[in-house]
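Next come two complexes, and both contain chain A; in the first it sits with chain B, in the second with chain C.
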Partner chain A sequence: MATVIIDGQEIQLAEGERLNGVQAAARAGIEIPHYCWHPGLSVVASCRMCLVEVGRRDDKTGKIAMQPKLVPACQTPATDGTVFVTNSKKVADARAMVEEDLLLRHPVDCPICDKAGECLLQDYHFRYGQETRRADIKPFTSRRRELGPAVTLFVDRCVMCSRCVRFCREVAGTSELMVANRGAHEEIDVFPGFPLANKLSGNVVDLCPVGALGDRDFLYQQRVWFMKGHSHVCANCSAGCSIRIDENQDQIYRIKPRENPQVNRWWICDEGRYGWKHVHDPNRCVTAQKRQAAGAAPMEWSPLIAELDTRLRRSRRLAAVVSPHLTVEEAYLLCRYVREIDAEAALVLGPVPQSDGDEKYPGGFTIRAEKCPNRRGVEQIITHFAGECAGWEHFLERLTKERFDAVWVSGGYCSQWHDAAAADRFSSADILIVQDLFALPLMRRADYQLPGAAYPERDGSYVNHAGRLQSFGWAIRPPAGAMVEGQLYWRLLKRPGLYQSRAVLDEVARDILYFRAAAEPVPETGVDLNCTPAAGAP
Partner chain B sequence: MADFEPVLMANMQREDSHTLAAYEKAGGYAALKRALREMQPKGVVDLVKRSGLRGRGGAGFPTGLKWTFLPQETRGPVYFCLNADESEPGTFNNRVLMEQDPHQVLEGLILSCFATCATTAYFYMRYEFPLAWRRVQAAIDECYSAGYLGSNILGSGYSLNVYLHRGAGAYICGEETGLIESLEGKRAWPRIKPPFPAVEGAFRRPTVVNNVETVACVTHIVARGAEWFRSMGVPPDPADPRDPGSFGPKLYCLSGHVERPGCYEAPMGLPVRELIDRFGGGIWKGRRAKAAIPGGISMGLLRADEFDCRLDFASPARYGCLGLGTAAVVVLDETVSMVDFLHNSCRFFAHESCGQCTPCREGTAWSLRMLDRIRAGRGRWKDLDLLLEIGDSIGIIPGSTICGLSDGAAWPIKNAIRKFRAEFEDYIRQSNPQGYLETAPVAALDSTGSH
Partner chain C sequence: MKADDPGILWIEEPQLGLSGRMYLPIYMHGLTTTFRHMKNSLLGKAVTVSYPDEEPHIDNPAIYRGTHRLNRDSQGRVKCVACFLCATACPAHCIDIVAAESPWPDREKYPQSFCIDELRCIFCGMCEEACPVDAIELTSLYNLTGRSREEMIFDKEKLLSVYDQTHEREPMRSPEMGGTV
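Right after this comes the complex of A and B.
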């Protein structure tokens, strides 16, 4: 075990733990400011913001010998006996110098900069900078150029930390970004004709510690202090990346990755980053309707639920299509409900959209081919109730031979997920209930047309491709008129009050062995369902 | 010192001194033949260590010691990089060696590679030396034909290939890790150390980087022995336990306002005054000297009353300079404005800063901007304090940068302002009588045009 001393405070590192000065200080609750260092990228030690004094304590005598010069904390390993001093005048002067240097050519256009409010240059300036400007005043300029479809560069705001360049080299492996020119004329740029167009490009905006790299989608849309961030899980593929949804009054403005060493580390792909546009699509269904001879008529939810429940309970043969976009809890409630009425009800996994294959990146990031968040979770739920998990194609076959009194279809896909021919197969059902986002063929054919929720509106848990369960709360409320699936099932099951996903997950963890690990509170980074210790034991 | 016989420049007076024939006629490659026949690599390393040879590139690190930093047991290649990216303003000793006597350099290179067990050497030459480039390439070709390079050199079983690499004209490539990065085809951003090149250098292999004049000295150490080498120069200062002394012959580059500028050879420790008067024929046009750069612009400035300073590795520091550097003395006569001198120095470093570390990238550019403004008649006395603050805070010595380029940028600022402050203050007061006491930030010049 190693003992590291930071500003006189001793902290213990576990055996084999390799931390640098910045990380070790963070353990002790001490911030060492830094721009260029990022845990997911190589160390360049070039911004010099993390300069500290370093020394070593002699094991035997206990005497501390300090190095005469400042060293970057990011490049200094914290080993047994390492002494870091971060609060001396020398360190404070060095930080003030770097802050002053970085602001020499900076336009200081914070009032129109998207980064203002979450900008390290701003924050560090207030914490470590000097009160007065000593440098010559330069007229305000903010040259801008597009680096690619997603990212724009405000050239003069850049502090040359080179995080974005290293990201493209080390994580994306595409190396589009480079440093052009030399000295104070340095600029980030792309080679003519080779824009920053990889599928991870949005990450460079998150990495940028200042307002140099802008997200073209988010540009000038919202001041960051107006938004509220919600921990969530991306639903665009089965990787299940941890994300943060930033919204203001139920309007999403952007999605950012949330650090999760077990899943996505610090990154998300652009599909996930911009894969929320369907949530605010004006064509979304927002009115519950009942189809009648004269066409569809709007209906209030309360009488609709009562009528639906009465009619379903009178039916004998039931089937439910459980979408892989439903959460574990929602899938459980839906299966439970239809099985309560018909113990032999057919439970079917909704279509699982697939792309050509997993897209792997050199830095270890993978975009999964399976374009839905919760196939594994839904499969396990269906298997628990039905003993096996039938697929969508198989069910379409079955519909030609068998007749069901009622079929419940859950959707939630962001785009067209079935064609008219598939919808025609459902014509034999007496009652067709469809809850979905858009008025697709099945919805138009349905007797009960229910507007459902998109993933930022859901509350519950997804199980990703590797069997990791992550829980999340809703980030925004569904549009007026739509009802989140979980809430609808909750009411059909006549449970009191509002839908509580955690209560359902407790039930799931108790009933289904696969979910046992979820019985404990689920940490922010999720829980691995595969390595449940002593499965079966109480 | 009067009986000193030039060694490094001995061959240069001969006709066609750059050819193999002329070099061999003067006894060239005898040392190599003897070493390959009679010595082990370890023996050469020990010999160089005993000679007290210190690197001639600027930092003066003991060469033999540097070689021993290579890992003892290593599988795979060790690389040798010959640093011929001679770009320090005022310096041209490597160019003279490469143009006039490239075989002396190559013999030293082969001996050094033999000592370090390197079988591949990269001769990294700056772009701006077209004649040296042609002559070194011709000399390498001659060596291959004569069997001094290639596989199984002179039947010894030792093989060496030398590749002449031409840089693209950047000062930073003279920094050893910048050179390695550039050699690997990357942007010449100096690496963070450790690991040092001896452990992980070119292509992530153990690497030695030595200066052209250093390896030329190796030739003569092998030929004449360590005692001969130690017989000239300056012994260690007994008061400083960390001073290993400065031994051997040295090529001094003398330029600026002297009657006879040129490259002169003398033992280590030649006083500046003697170099100027005896070799350079005194200050030109009968004028008086004002200052001199002791060893390339990075090393700072000596006032005319400090010309007693001896040019060895330890002495310039006693006069507030950074060190000996490349022993390139540039003399400034009494007509030179120190403001112009410092402006030129700052322009050079702002232009050549690689831009990696914030303090150097911004500090060099800021100092140039201030000097631009001072020269435009809008200077303030306060600017001198700001310049000094930049000079005191940038560099590898305070620890604020990765490499030593900004120490080189800092020293001219510090020396010029501290040693000639009155001149700077006069200049500013006279050129900006209304505003020279201003302390609030002022508007920057619209366009500097100088960088």
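Right after this comes the complex of A and C.
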């Protein structure tokens, strides 16, 4: 075990742990300011913001010998006996100097900069900078150029940390960005004709410690301090990246990655980052309707639920299509409900959209081909109830041969997920209930047309492609008139009060062996369901 | 903010001196003011005016806190840069801004729409204080009237027109007065 001393505090590192000065200090609760270092990128030690005093304690004598010069903490490994001093006058002076240098040619246009409020240059300036500006340079506006479809560059705000350049080289592997010119004239740029257009490009905006790289989609939409962030899980593919949804008054403004070493580390892809537009689509269904001879008539939820329940309980043959967009809890409640009425009810996994194949990036990031968040979870739930998990195509076949009294279809897909021909197959059902986001063919043909929720409005857990279960709460409320699936099933099952996803997950973990690991509170990074103790284990 | 936030400066209430504890001197001090006003009004130097027959006199329009205006820059464009600092500072939440990229090459961001709900406003002047470019100012127009609530929500054009009406009488804060160019 290694002992590292930071400002007199001793911390112990576990065997084989390799930390640098910045990380070791963070362990001790001490911040070492840094721009160019990022845990996910190579070390260049170019910004010099992390300069500290470093020394070594002699094992035998206990004497400490300090190095005469300041060294970058990001590049100094914390090994046994390393001493870091971060609170000396020398260090404070060095930080103030770096800050002053960075601000020399900075436009200081914070009032119109989207980064203001979460900008490291701002924060560090207040914490480590000088009170007054010695250089007599008037604030100016920054030059700007577009780097690609998603990202714009405010040239003069850049502090030349080169994080963005390293990201494109090391993680995306596409190397679009470069540093042009030398010395004080250095600028970030792209090669003419080769824009920053890879599918991970949005990450450079998160990486940029200042406001130099801007998200074109988010540009000027909202000041960061007005938004509230909610931990959530991306629903655009089965990777299940941890995300943070930034919202103000139920309007989403942006999605950012949430660090999760088990899943997405620090990154998300642009599909996920901008994959929330359908949530605020004006064409979303927002009125529950009942189809009658004269056409669809709007109906209040309470009488509708009561009527639905009575009619369903009178039916004998039931089927439910369980969408892979439902959470584990919702899928469980739906299966539970239909199986309560008809113990033989057909349970079907909704269509699983697939792209051409997984997209792997050199930095280890993968965009999955399966474009839904919870295929695995839903499959497990259905298998628990029905013994096997039937697919969508199979069910469509079955519909031609068999007659069902009532079919319940859950959707939640962000795009056209079935065609009119598939919808026609459902014509034999006496009662067709569809809960979905948009008025697709199935919805139009349904007897009960129920507006459902999109993923930021859901509460519950998804199981990703690798069998990791992550729980999350809702980030925004559904539009007025729509009802979240979980809440609807909860009411149909006549449970009291509001839908509580955690209570359902407890039930799931109790009933289904596969979910056993979710019985404990689920940490922010999720639990690996594959580690579930085998059946019969104590 | 928590009570132990290092950003909070705790100040002890000063102890009352002897005269304070005796209560009488302070009492006399207050009464003197009352009687002074009484004397003045008896002598015809009343401070109240019979509004609306009589218009009140405003001593220093530069510090009066009446209707807002949005100032124009040297080229006649709205000076506001849509930084939202006024909306952030506003305790009554009466400012609503929609920002966009500006149509002008020399400026980056501008308010596509800018609305103030004058009915909700408490005329505290925080917006004026927060503005980094002195784009929003409170004028000495005090007689705000309207026939409907909607009418009292001032949009960008209306606020600019208040500037056009008042800028000669009440010049924009110059750099010498601590304003920006």
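The rule is simple: the second predicted complex is superposed on the first by the 530 of 538 C-alpha atoms of A that agree within 3 Å, B and C clash if a C-alpha of one lies under 4 Å from a C-alpha of the other, contacts with A are read in each partner's own complex, and residues count from 1 in each chain.
To be clear about the criterion, a contact is a pair of C-beta atoms (placed from the backbone, for glycine too) under 8 Å apart; a residue touches a chain by one contact, two chains touch by 3 or more.
Everything quoted here is computed from the prediction, not taken from an experiment.
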{"item": "First, second, both or neither for A:Thr141, with chain B first and chain C second", "value": "second"}
{"item": "Contacts of A:Leu219 with chain B and chain C, given as first, second, both or neither", "value": "second"}
{"item": "Larger contact residue set on chain A - chain B or chain C", "value": "B"}
{"item": "Which of chain B and chain C A:Ala420 touches, first, second, both or neither", "value": "neither"}
{"item": "First, second, both or neither for A:Pro111, with chain B first and chain C second", "value": "second"}
{"item": "Footprint overlap on chain A, comparing chain B with chain C", "value": "none"}
{"item": "Footprint of chain B on chain A - complex, ascending", "value": "43-49, 51, 69-72, 75, 93-94, 97-98, 101-102, 104-105, 132-139, 159-160, 179, 181-186"}
{"item": "Residues of chain C that touch chain A when the two form their complex", "value": "81-85, 88, 99-101, 106-109, 132-133"}
{"item": "Chain C contact footprint on chain A (complex, rising order)", "value": "109, 111-112, 141-142, 144, 219-221, 223, 225-226"}
{"item": "Residue numbers on chain B that touch chain A, as the complex places them", "value": "170, 187, 189, 192, 350-359, 361-366, 369-370, 373, 386, 393, 396-402, 441-445, 451"}
